[in-house]
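Right, I'll just put the structure down here and ask away after.
When the chains are written out, they are named A, B, C and D in that same order, and each has its own residue count from 1.
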């Protein structure tokens, strides 16, 4: 049977890059897909892969070229990638699509991500009584001011010590009111702002340390809050090793992974139970 | 066998409310869940429903009480709902949880929603050549300035004419460059801002009419763009009829529905093909 | 500016139908989308809606025609819908797409849905010790054998009594072992099968009643289980009123809704705490 | 401020394992989460990580111990993991939760996954006429009978040649009828079954080769079909290198990744256009 239209490629390549330079950083968070067309009829019909650039190589190429070529001009980076893939034997057309998830700068090295942020309220009445408030989907990222060192090592440890790493999370916080404030909206805004301010301002030795400082600050700021529980998934941005491609590792390109994630949960309270 | 802990309730009740008053509107977008505990052992063991407040009634109640009681104080509204449910025979504890999705005001009656907004770029090289850019996940809502009247009616028509309705969408736009601009980032920002400005400023007789005006404005603003394609899902906010509960309908409470959605797609171009 | 390609339609129209006839039922679970092309240039440019069939009418039409015309032949139903829409003034092309989610029949009136079913295991050791197992994403539906009557009514009640309704849920069950069985896989299969058998075989007066019978049966069947907790979201299939279209209501066509859902949770235990 | 309850762990660790032995294979597809409690107050308050087992180590441990210890007894594997983590200094309680996504065996080395499989139909009438059918969400996996060798290598290539690899995809297929069959349901079942049979029976040199054979077989089997388009995302299961932990690599444990994926699309047609 004749082979009709066909393409091959790699989709959902996740890549982040910190654009350092001076005190203020830029941050790019991309999802890239590559799609090729070419002389691959024999690959389909006869299993001859000699013209089939592996999709795994496409992925490596995106990371490998991002160090030097990825700036703010997405179309320029996409065109560079297209040009590269067209040099492969048998490739006749290349399409590169990029979606850049937008982050809003809050501090010179701190960013507020998209996502659907929600204010939470939870009230129980009857045999039990409580009033809680909180925030969900508060996506925060900083490009400096976080470390993770001095941890125990065993035979399964491969993680290197990091004295300055990128830290990202989607904050869920819920707090319990000992006294329900008169203006719940104003108090909610104050607590949320305190979380944001301390995520960006406080240097941390771990996500646990970061979270404790955030929780402690909320209790210090809002006397009506008796305790606060934080859920801080550590949304890892992993360095992608490009030195094996003879590319200089500029320490700026990362692979953001959705799964697995570090799962950090803690409560800061006025009184130990 | 003994029955252990048990609760019943309604989750994922979606509700939106426009807080009118003067030239500037507020907008609330809530997901409410209700959870009850009570004297329902016989319901589980013997199928006796005399103490089981239906979860459908819980939902109706949330809409019914929102007209008068829902303001900015979520905890207050949740407490009002708890108090109401505790009046039902056999209910011993009520918990109401609310998540308010945050919208950011852009104009007195225009709002920018959360969601993950992305900048898009798509480049093809080889046997075909093109450069496209766009935006995805640009969530916009306005509380006035949109109508839908004068449409054809047949035996399946139940939709009333609307001279002033709430309009919400998640814009996906892709445009084709005839000339790739030198500063793709600046041009992208200009095109995106034009879409936002015209969604809020232009009165529309339908989503199609809204989209045409947005697309026409982008072509007028950015000479490098040859054509623009818009996908504008109409994210309906339906009035919830509370008059059957003897509640005064203030015209402010809506039921936002995810499925189905009006699916509007159009291209505005400089030259007819 | 010239208007280019454009379409309008309704997407994600959810519809289910029970095909009764004899002791055995068939069940269809569809997501329909309608897409029209036609003489709507003036609608885009000038806001003239006289040729714009409302997407809300498309939705009503799908439900209205499903009573008589929807059988197993999806292409036939889609063609009937296309023919109908082409009768509207100004419509030149109609496309109807249907995705039928597949359910597997287990009993003459019982069905097992797709979804991603998982076996669960949870083990805690150290200061606390427990071994739990369970199942998640076990999607079950029966077309008869469930009722909901005799519930309390107040001013917010609109739900009619139902002596024979369609019942659907996605079972999550977790049980605690007092003794960890030697063959955890065999015991897991036995517990899961007991849940399935009793969902289909036991008539129920409510989801709570259904769940209690399922939990009690598991405890009776598996002596190693000390208690079982069930989460049974009531995935409502609502009758869609077509009598207002002068269509005979055959009681077979439903609107499956994702939000909101009845949220039923209960524990059955060997010993009251 | 006092620190209250706290835990740390790794969630969403994805792992698959082929249980070889004789002609018939078993297949496990797990999502594991680890949660620890221990003497980490100083980590939160003072940033002292000496008692904080990294969550990255937890992940490595799950893969490292799966080679020898993961069989059908999930609770047993979870208990082994708990025992291991309790040996770390300062860990007082360990909880391991496992969700095993269920696959149904179809052949000795072929499996049908969960997911929501749908039958598709698409009909266009008016200025254009066509009738299409298809399937979506048909999740298939085989543990042998697939290779990928002989592909071009460049400086970005790291993929090793694979003469026998695990192959998994979620098939989307759409076909165009030249003649609409009288019994669309029967023909649909025949086409779908042909796809399944040939995925499992035909050895393939690539996903493209696999897809071509599947498409060709459908055209051979169903004369009413003019052409078929297949979308075959390559859902990679990557070998996880455990030799760096001094664990013997049994070639049976994999890391299933969601992103990125190989994106293979092709059409097989009766007549070249």
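The definition used in the following text is that a contact is a pair of C-beta atoms (placed from the backbone, for glycine too) under 8 Å apart; a residue touches a chain by one contact, two chains touch by 3 or more.
Fair warning: this is a prediction, and the values are worked out from it, not measured in the lab.
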item	value
Distance-maximising chain from chain D - centres being C-alpha averages	B
Mean-CA-position distance for chain C and chain B (Å)	23
Centre-of-Cα separation between chain D and chain C, whole angstrom	27
Chain B-chain D separation of Cα centroids, rounded to whole Å	35
Multi-chain contact residues (two or more partners), chain D	none
Arrangement of touching chains [line / ring / star / complete / other]	ring
Pairwise chain contacts under the document criterion	A-B, A-D, B-C, C-D
Residue ranges of chain D in contact with chain A within the complex	1-14, 33, 35, 40, 43-57, 59-61, 64, 88-89, 148-152, 154-159, 204-206, 208-209, 211-212, 215-216, 219-220, 227, 229, 233-234, 244-246, 258-273
Parts of chain A lying in touch with chain B, wherever the complex brings them together	31, 37, 72-76, 78-79, 81-83, 86, 91-102, 113-128, 131, 133, 136-137, 180, 183-185
